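Just so it is clear, A, B, C and D label the chains in written order, and each chain counts residues from 1 on its own.
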Amino acid sequence: MANLNLLQAINQALDIAMAADERVLCFGEDVGGFGGVFRATSHLQEKYGKARCFNTPLVEQGIIGFANGLAAQGSTPVAEIQFADYIFPAFDQIVNESAKFRYRSGDLFNVGGLTIRTPYGGGIAGGLYHSQSPEAYFAHTPGLKVVVPRNPHQAKGLLLAAIRDPNPVLFFEPKRLYRASTGEVPESDYQLPLGEAEVIKEGSDITLLAWGAQMEVIEEAAELAEKEGISCEVVDLRSILPWDVETVANSVLKTGRLLISHEAPLTGGFAGEIAATIQERCFLYLESPISRVTGLDTPFPLTLEKEYLPDRLKVFEAIKASVAY
Amino acid sequence: MANLNLLQAINQALDIAMAADERVLCFGEDVGGFGGVFRATSHLQEKYGKARCFNTPLVEQGIIGFANGLAAQGSTPVAEIQFADYIFPAFDQIVNESAKFRYRSGDLFNVGGLTIRTPYGGGIAGGLYHSQSPEAYFAHTPGLKVVVPRNPHQAKGLLLAAIRDPNPVLFFEPKRLYRASTGEVPESDYQLPLGEAEVIKEGSDITLLAWGAQMEVIEEAAELAEKEGISCEVVDLRSILPWDVETVANSVLKTGRLLISHEAPLTGGFAGEIAATIQERCFLYLESPISRVTGLDTPFPLTLEKEYLPDRLKVFEAIKASVAY
Amino acid sequence: MTTTTSSLVHSPAFLKGDEFSIDTFALLKQDGSLFEGAAPPDLDRDKALRIYHAMVFTRVLDERMLAAQRQGRLSFYMQCTGEEAAVIGSAAALDDEDMIMAQYREQGALAYRGFSCDEFMNQMFGNERDYGKGRQMPIHYGSAKLNYMTISSPLATQIPQATGYAYGQKLAGDGHCTITYFGEGAASEGDFHAALNMATVHKVPVIFFCRNNGYAISTPAVEQFAADGVAPRAFGYKMRVIRVDGNDVLAVYQATMEARRLAVEHNQPVLIEAMTYRLAAHSSSDDPSGYRSKKEEEAWREKDPILRLRRWLESCDWWSDEEEKALQERLRREVLETMKAAQKRPAPPLDSLVTDVYDTPTPQLNEQLAKLEAHIRLYPEAYPKSASRRSAEGSAGAPGAENGQGGR
Amino acid sequence: MTTTTSSLVHSPAFLKGDEFSIDTFALLKQDGSLFEGAAPPDLDRDKALRIYHAMVFTRVLDERMLAAQRQGRLSFYMQCTGEEAAVIGSAAALDDEDMIMAQYREQGALAYRGFSCDEFMNQMFGNERDYGKGRQMPIHYGSAKLNYMTISSPLATQIPQATGYAYGQKLAGDGHCTITYFGEGAASEGDFHAALNMATVHKVPVIFFCRNNGYAISTPAVEQFAADGVAPRAFGYKMRVIRVDGNDVLAVYQATMEARRLAVEHNQPVLIEAMTYRLAAHSSSDDPSGYRSKKEEEAWREKDPILRLRRWLESCDWWSDEEEKALQERLRREVLETMKAAQKRPAPPLDSLVTDVYDTPTPQLNEQLAKLEAHIRLYPEAYPKSASRRSAEGSAGAPGAENGQGGR
């Protein structure tokens, strides 16, 4: 076990995956010699050569188109999109191609080897175009898997699982935590399951659900609430698609209350899907409306970022409101 | 008043808009001399010249990029995307550009003149790529308006409002109804309000909510239900973004039950957002879980399209289940 | 770092694009004789006849299936008519293990590879034997065993995919390449630019084969681009390029052979622009009389690529009128009979709705399927394709031939 | 319909892209003298000095703001250093009413148009006077009155927008054009292809100005494309093209004047490729020592475009050492003082979070704002920027200078 930050954990996962299987390739803008603008792919080109870790031209639709072709051919591409805000030029290749490749061909062909890594989220003074959390756009797309890790240990295990999963996986990395989140990470080659949520703290009064960097926020809010005598069950969804309805529903059947938090705007955010599903599954057990604490229905701001973000105080207030309902 | 089909109503709206304001331009693939593959822009080039109604090269990202620039310049572009399934190459221009143009510039610049028309939806043996209903992707994007008309009269009035609205509007046209839906349409230049739902039939036991081509389906289901003594309130959402929470909530406060239906896949579809909002707004009034009758969580199929679609029988069964809850 | 080594000049001269010209490579005249100075490609009788058979099969299939569409047996169809030489001549120049990533109008290449009439029909009728499990519209063929990637409707997406596929082939070192076909219209998409640029930067064994057939649905090439065709774009990527008479199967064959050599032996991607003409409507939903003249069509009909090859075969004494008659008859019969059989086959099973979304269906999908099954049990008459299948009989029928709408 | 008129050839010759070469237009040597045979452009003293002032201001601003970033006063910065001649020389060749749609490294063009030091600072500190209302990162300037479109971070999106904007100008018939700037990296995006193709098809008065500065962050041009720069792509669209020494302000000025004439008088879009070098890091988040040599940088530092112009001005007797000293001093002082004042100004008001999403806030947005206001009243100390504003005082502070992460 070593103490790593989230970037190091990701770098280690890529290193292990490339060492274990020569079909694994890493590429994207500045990914090669430089090791990526955040340095997630540091030293991979040195170790595995220019053919397996390289810079691409600056064209996201090309990066993912190229990756789709490579995956169809039987390789295991791990493509990086430099910021999640810049994934949209590749939207067609992801939503119309990656997601539908296997289905439309009746499983003659598939791009299951594909993994797309991309840093997402706010809190770094990035403004409109270096802060977005676009997971919900992809969660409406059958055929994709969408994964978001909350810390270095999770990041390594989930990324290794994503790379080896026989389906195209979008892997959103909470860039605010790249250096800020550190923790013990086993040196071994391990995988954590996709599609499974994790209860990281048990509680009885309310279920708090989030993913990625937002986990930290709901954990802090849970602490504030505990001080007021409110017992929170804290759940990390981990996989946005497919998502673990059972674990969430079971928790809500127990606590009777649910609060979901994400940075993305409220309207059309993934909390809506969860709320809609859970109100159906747990209708008779709900003691208060399912609560959503999210970004505003606006583009991501800069100077007033702190005001925009769903922070622990907002979550704390929403917990109290839910319990007092 | 003339009896028009939906295509003719749209053509008339475009004609009126172009006649009234020379800054209005129509363009897209095959939109010019040919009048569009569905003929929605028939005769507009003849009437208004090649400079104002024209073919573009085959590049959706270019069409919308060009349209964004034109709108910023002060023109009123009405860009056509040939099928909603092919809007994704333009996703970046729409989601990162059109939607954020005004906000990021502090209102120095805006693309409020922009309207994007595109045929959407299934039921025409179109398979994966001529059947999609992508409205939810755009509904997660503050800055856009999203509108879907249900019949010729609505189409004309809503399209004229969309073209003149000082915000970028996505106008999804139910192509299954292009020729199938006919009705009386005033010849005058009229507008119907954006952002307002319409109660098209009052009822007391359950609220049925949909938009576009799906309205027909829920109306038929309502008839089946009436025969079983269930009184349905039928609401056309009309605008997906921003959506009319008040009208829907008021209806549900009255009926105590809500069913939402759309063709798009369940997970991440816009019904989720509505359900999440309404369970919060109407928590104490809900007599059964909010029900969603939608497409499956798969790409759109072909041979088994009928099985896939949320038809009146599925809606009818869901109504009964909700009332019997 | 900057790569140019261009020399300095001191007056501001703008280049106009007429500093060079791009010739058209052609071998065969319409009368079946070779141009003066033209040498025939290295093509033996067997291969020539394999090409010819595929061309005639494609033509017969197209005629028959368009008629079937008109009769309401089929929802949709797209013809290759007029472009058989471009598509089949190029496919014939490849190794059968090379990957083909086509747009949609390249059924001839698939026929050349040996896709059977039955396989074509099952796809078009979306029945239980369709490899694509009845999920895509007619003509969206695919074959893993024939290295023919399943067609995808969104245009140009296959072009960067071909670059990626070929990169994988290069790494695998198996000596194969990828060819990707696309229309001059699709070449306007951003994906085209991405694909060609990445191919030269990463030195990938891929052949970009542009069928410049003059139209993208109703949009003529002059409204698609201002340049002299698609070929000059290659200069922007420093890619090898050749323009070829797309109705001349020998020229297409030879150009593609040479392109394949550059690709496979030197990792040199190549752009081929085949000048041809879409003789038929864009698709069964289209009526070209709205945007082009009969006269223009007639002029091109006289350049029929199949007739041109037939005349050459005859001049080689490799083909006769009797053989022609027999072939035509056999193919017509085969197409008709196979169609009838395919049309009768049942639809794919209900669970094909949820399989292949992922490698295995998720719990949610299984739940949705179970709910759907229960529903169909309630209303069997409303879902004849799947309900009747439960009672092990019934026909698939044409997938939704009912709608007469334009546009695909 | 097919447009080519190319002639037939009968052997399969592949063009390689070395059939032509693209020269570089240059007028001024580094010592400030003109090349032999070079005539100076039509540029009077006033205009020359306006250009020079903008160049020096840009350099001073860049140096000072990078330092401010290093001190933690600013979250982010991007320098134009090394590219001042390309950006300002071209802007100077335009009419001040022409629209500029830039990428992000073109603050010099905005300075040339007259954006004040105070206006620059207010944007960078995202304070209440920022036209952009503190919503975008530093350097995302915009000015409606100066016809300078607000910068957008997603690369290349402005290129097809420029085509559209210019199409509107053509219809309006006001005799104006649009220039769009972009890097050689951004030119790889699909939007580039769309923009240039549409511009020639629709005959639009737009100038595509590519700053080929050798790098896209760490990616050298040789890994961005295989061709000799970006210029040869023009052939693919039959667009006029010129390559120019981007460090030679006179050549850039003259080439752009001529391009503007083609655009405005003949609706001929033009591609200009300015060969230059990004002397500084990509941005304040970047460290170029990881991907290029000091030696390479030094070689380019010797081609400093500002010094080159200064020498020419001196040779014309339009500029002296004293004037230089005074200018430098004045600008340094101005930048420093203006920065201090801007940094002290409060943040934009809380409601700026929800305005401008639409022309007027929706009911939902008003509700969200009201909720947020109530929340901030509960915890004023947690939201000092907005809470303190309520008590009508306090400073905006640097927007999140705290994070030291790479990448922008």
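Note that in this section a residue touches a chain if its C-beta (ideal position, glycine included) is under 8 Å from a C-beta of that chain, and two chains touch if they have at least 3 such contacts.
Quick caveat, the model's predicted, so the values are computed rather than measured.
A.B. asks: What are the mutual neighbours of chain B and chain D in this structure?
C.D. replies: Touching chain B as well as chain D, we find A, C.
A.B. asks: Write out the two chains that share the greatest number of C-beta pairs in contact.
C.D. replies: The largest set of C-beta contacts joins the chains C-D.
A.B. asks: Would you mind checking which chain's C-alpha centre is most distant from the centre of chain C?
C.D. replies: That would be chain D.
A.B. asks: So, what's the distance in Å between the C-alpha centres of chain D and chain A?
C.D. replies: Distance between chain centres, rounded to whole Å: 34 Å.
A.B. asks: So what's the Cα centroid distance for chain A and chain B, whole Å?
C.D. replies: Computed from C-alpha means, the inter-chain centre distance equals 30 Å.
A.B. asks: Measuring centre to centre with CA averages, how many angstrom lie between chain C and chain D?
C.D. replies: 43
A.B. asks: Any chance you could list the residues of chain A touching two or more other chains?
C.D. replies: Residues 54, 57, 59, 61-62, 85, 88-89, 92, 96, 100, 103-104, 128-129, 142-143, 267, 296-299 of chain A touch two or more partner chains.
A.B. asks: Which residues does chain D have that touch at least 2 chains other than itself?
C.D. replies: Counting only residues that touch two or more other chains, chain D contributes 130, 135-136, 140, 152, 154, 188-191, 193-194, 197, 201, 223-225, 352, 357, 362, 364.
A.B. asks: Going by the contact rule set out above, which residues of chain B touch chain A in the complex?
C.D. replies: 61, 85, 88-89, 91-92, 95-96, 99-100, 103-104, 128-129, 136-137, 139-143, 241, 243, 264-265, 267-277, 279-280, 283, 286, 288-292, 296-299, 325
A.B. asks: List the residues on chain B that touch chain D in their complex, please.
C.D. replies: Against chain D, the touching part of chain B is residues 25, 51-52, 54, 56-57, 59, 61-62, 64-75, 77, 89, 92-93, 96-97, 100, 102-110, 112, 142-143, 145, 166-167, 195, 242, 245-246.
A.B. asks: Can you check the complex and tell me which residues of chain B touch chain C?
C.D. replies: 29-30, 32-34, 37-39, 54-55, 57-62, 82-83, 85-86, 88-89, 119, 124-130, 175-176, 178-179, 266-267, 296-299, 301-308, 311, 313-314, 317
A.B. asks: Sort out for me which residues of chain D touch chain C in the complex.
C.D. replies: Residues 1-17, 19-27, 35-39, 188-194, 197, 200-201, 212-215, 220-245, 251, 254-255, 258-259, 262, 270, 275, 277, 292, 296 of chain D touch chain C in their complex.
A.B. asks: Contact residues on chain C for chain B in the complex?
C.D. replies: Contact set of chain C toward chain B: 75-76, 126-127, 134-137, 140, 152-155, 185-186, 188-191, 216-219, 223-225, 285-286, 290-291, 347-348, 350, 352-354, 357, 362, 364-365, 368-369, 372, 375-376, 378-379, 382-383, 385-386, 396, 399-408.
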